[in-house]
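Across the two complexes that follow, chain A remains constant while its partner is chain B and subsequently chain C.
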Partner chain A sequence: MAFISRGFRGKRRDTASGSRVPPGQHVVDDFPVLSAGPTPRVPLSEWSFSIVGELDEPKTWTWDEFRRLPSETVSVDIHCVTKWSKLDTSWTGVSVETILEGVETAADYAVAYCDGGYTTNLPVDDLRGRQAWIAFEYDGQPLDPEHGGPARLLVPHLYLWKSAKWVRGISLQAEDEPGFWESNGYHNRGDPWREQRYWGD
Partner chain B sequence: MRQSDLKLDGNAIAGLLREIFTMEMTNAESTCAGCGKVHAVGRVDVYLNAPGVVVRCPACEQVLMRIVRGRGRYWIDLTGTRCLEFKE
Partner chain C sequence: MARAAVLGRLTWQLGEVAELIQETPRVSSLVLDVPDWPGHLAGQHVDVRLTAEDGYQAQRSYSIASAPESAQVTLTVERLPDGEVSPYLVGELRTGEKVELRGPIGGYFVWRAGEERPLLLIGGGSGIVPLMAMIRHHAATAAAAPVRLLYSSRSIEDVIYKDELARLTADDTGLAVAHTLTRSQPAGWEGYSRRIDGEMVAEVAWPKKDAPAVFICGPTAFVETASSLLVESGYDPAWIRTERFGATGG
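Coming up: the complex of A and B.
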């Protein structure tokens, strides 16, 4: 239970970091947990990650195989559509660029799918170019299940609902297919700098 | 915060549903399109710490309703609710 009033924040970071905070957002220091359902808990021995859909052969990695892929640690700002932003968050993961290396596909669209049934759709271009990762560590520690562990998609240049928790694979598709929130009011792309929150934004 | 703190019951959205349906809905009965079980709306599982409200079947955890509110509009998905029964 917090006994300090919400208005009593000490030094405000919003102003100093203004150019890093998209319109309508405010900076938080904690890491709020958002969840659309129960937290799935899959043992690593049963976990796998797959690329399916528009490619010659679906590809699948076990946890051990996935962890042997080259990974990197990145520091990024994250922006949730519920209006909080968190600056300088540190994640370790495998870039989607690395995962898609050698994958021949004509697909323009992708759907990330997850344990628990969550989905989110993105243009493949938003996943390539070292701007999206399958992250398995936060702040140097294994990713907590509450935050999407063992692994979540991380696409920090889009609103955080695109950074699907408990991700298990990516389906490459010729046609765009709106995901869990995109099919019910939320914006199809979700660029925080354009405040693409809802349909019609 | 742990998961148990995030899951509420249907009473948590009594006000929201009254706004949408303009009547008390917690005694309404919803049939899950997935498993067919019937639950009073007051007893379903509700997740509020999300971009929208997610209502799930307490028996099979399938989504019964998704309610998003923004820009002065509602978006309501009831595909997971096969039937919603309530008194006039």
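Coming up: the complex of A and C.
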């Protein structure tokens, strides 16, 4: 039983949107920025995206090659472990399903790696099935560097730290390997609906 | 104290308000007695949870302002006009009442007194709070690393911990503080009077040959500006750790 805070009423939202908000989250209208270090800035001419690790041959796309892959625009709700959720956000990107097409791998785990050294780990199953994208547009505009541009991973069904900003590739691995925040006290999987914020949640 | 960043499962605990300190017109410190507090590192935060009588709950994160050496846990909270939790913590909550919290959280934006590199702290507004935990940790341990703080506030009335910072500077603890006031300045003000810029950073920051440890905390635009200026001046991005406060802390 939680402790009742005398005199606390809170600011409640209507239940329609409330049912889309995971426990402990609140809806915001702006788009807060959280990152652990300076924003990296890499020219598109030097940018590439790679799939490495447990596959026959690593695959790499230049920016132009990447942009020629079929992309899609999706509207999703996003949930940050720092308690804010943002509903109906619009992103354009290439689904990881598309990126992994034709890739033969026995790997069950993946690590997304990024400019600036950030990493995050996910089961491959969380990346497949058109529920994860390499997003390069937000709301119809090129993705701001602050929000992870030129491209970031987008995995909206997990807390947003899994949606790695400035992503440059995915390493397919037989073993699970905790990423940056996962090594710093945050939950290994990060399902907002099960409120998996921190170690042991 | 300060045994580890995060140990196992973080459970909700009750902290009792031992003291409320009004720091500025909008900011108060809550000094909490937390009986089973596991200890924390300077720079970490906690989650606070409020529950209404009908079971409705709201959670927010707040930085810890107290040093790991302190017996009590101090949170410094800015009251946001449209906030949900902060107006309760700053305004409704009284001394002797209790509040639910769990922590400490975060293992990256932390500084330990054993680190010998010079320390550069850059704070905007209530972004000073986790940096103050580091400054207090530094003072409590008489740490050897020299510290420079660049602290941006709107006006002199908005400067959190003003007297304590002045005292620590005067006590020759190895702390030097540069204030900038961006909106209004009192008569005879001798600090900076503008938003953070390259010239200011060049005057306050350690030369890059010193390879300092850098912690920057504040609103997003402030953190972006400060970190970009340092990287442009030749700082290795890996030296710089950031924490950002949006307008939506609540």
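Basically, the second predicted complex is superposed on the first by the 185 of 201 C-alpha atoms of A that agree within 3 Å, B and C clash if a C-alpha of one lies under 4 Å from a C-alpha of the other, contacts with A are read in each partner's own complex, and residues count from 1 in each chain.
Methods note: contacts are C-beta pairs under 8 Å (C-beta built on N, C-alpha and C of every residue); 3 or more make two chains touch, one makes a residue touch a chain.
Worth saying up front: this structure is predicted, and the values here are computed from it rather than measured.
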Checklist entry - With the two structures laid over each other on chain A, which partner does A:A106 touch: chain B (first), chain C (second), both, or neither? => result neither
Checklist entry - Touching A:H26, do we find chain B (first), chain C (second), both, or neither? => result second
Checklist entry - Does chain B (first) or chain C (second) touch A:W161, or do both, or does neither? => result first
Next on the checklist: Under the stated touch criterion, which partner chain does A:T39 make contact with: chain B (first), chain C (second), both, or neither?
Outcome noted: both
Next on the checklist: A:K83 in the overlay: touching chain B, chain C, both, or neither? Say first, second, both or neither.
Outcome noted: second
Checklist outcome for this item: Across chain A, the partner (chain B or chain C) reaching more residues is C
Checklist entry - Touching chain B and also chain C: which chain A residues? => result 32-39, 82, 117, 146, 180-181, 183-185, 197-201
Checklist entry - Which residues of chain A touch chain C in their complex? => result 2-12, 23-24, 26, 28, 30, 32-40, 82-84, 116-117, 146, 180-181, 183-185, 197-201
Next on the checklist: Which stretch or stretches of chain C touch chain A in the complex?
Outcome noted: 5-6, 8-10, 12, 14, 47, 49-53, 55-61, 84, 88, 92-93, 97-100, 105-109, 220, 224, 227-228, 230-231, 237-238, 240-244, 246-248, 250
Item to check | Residues on chain A engaged by chain B in the complex (per definition of touch) | outcome: 32-39, 81-82, 117, 146, 161, 180-181, 183-186, 197-201
Next on the checklist: Under the stated contact criterion, what part of chain B meets chain A in this complex?
Outcome noted: 1-3, 6-7, 47, 49-52, 54, 56, 61, 63, 66, 68, 70-71, 73, 75-77
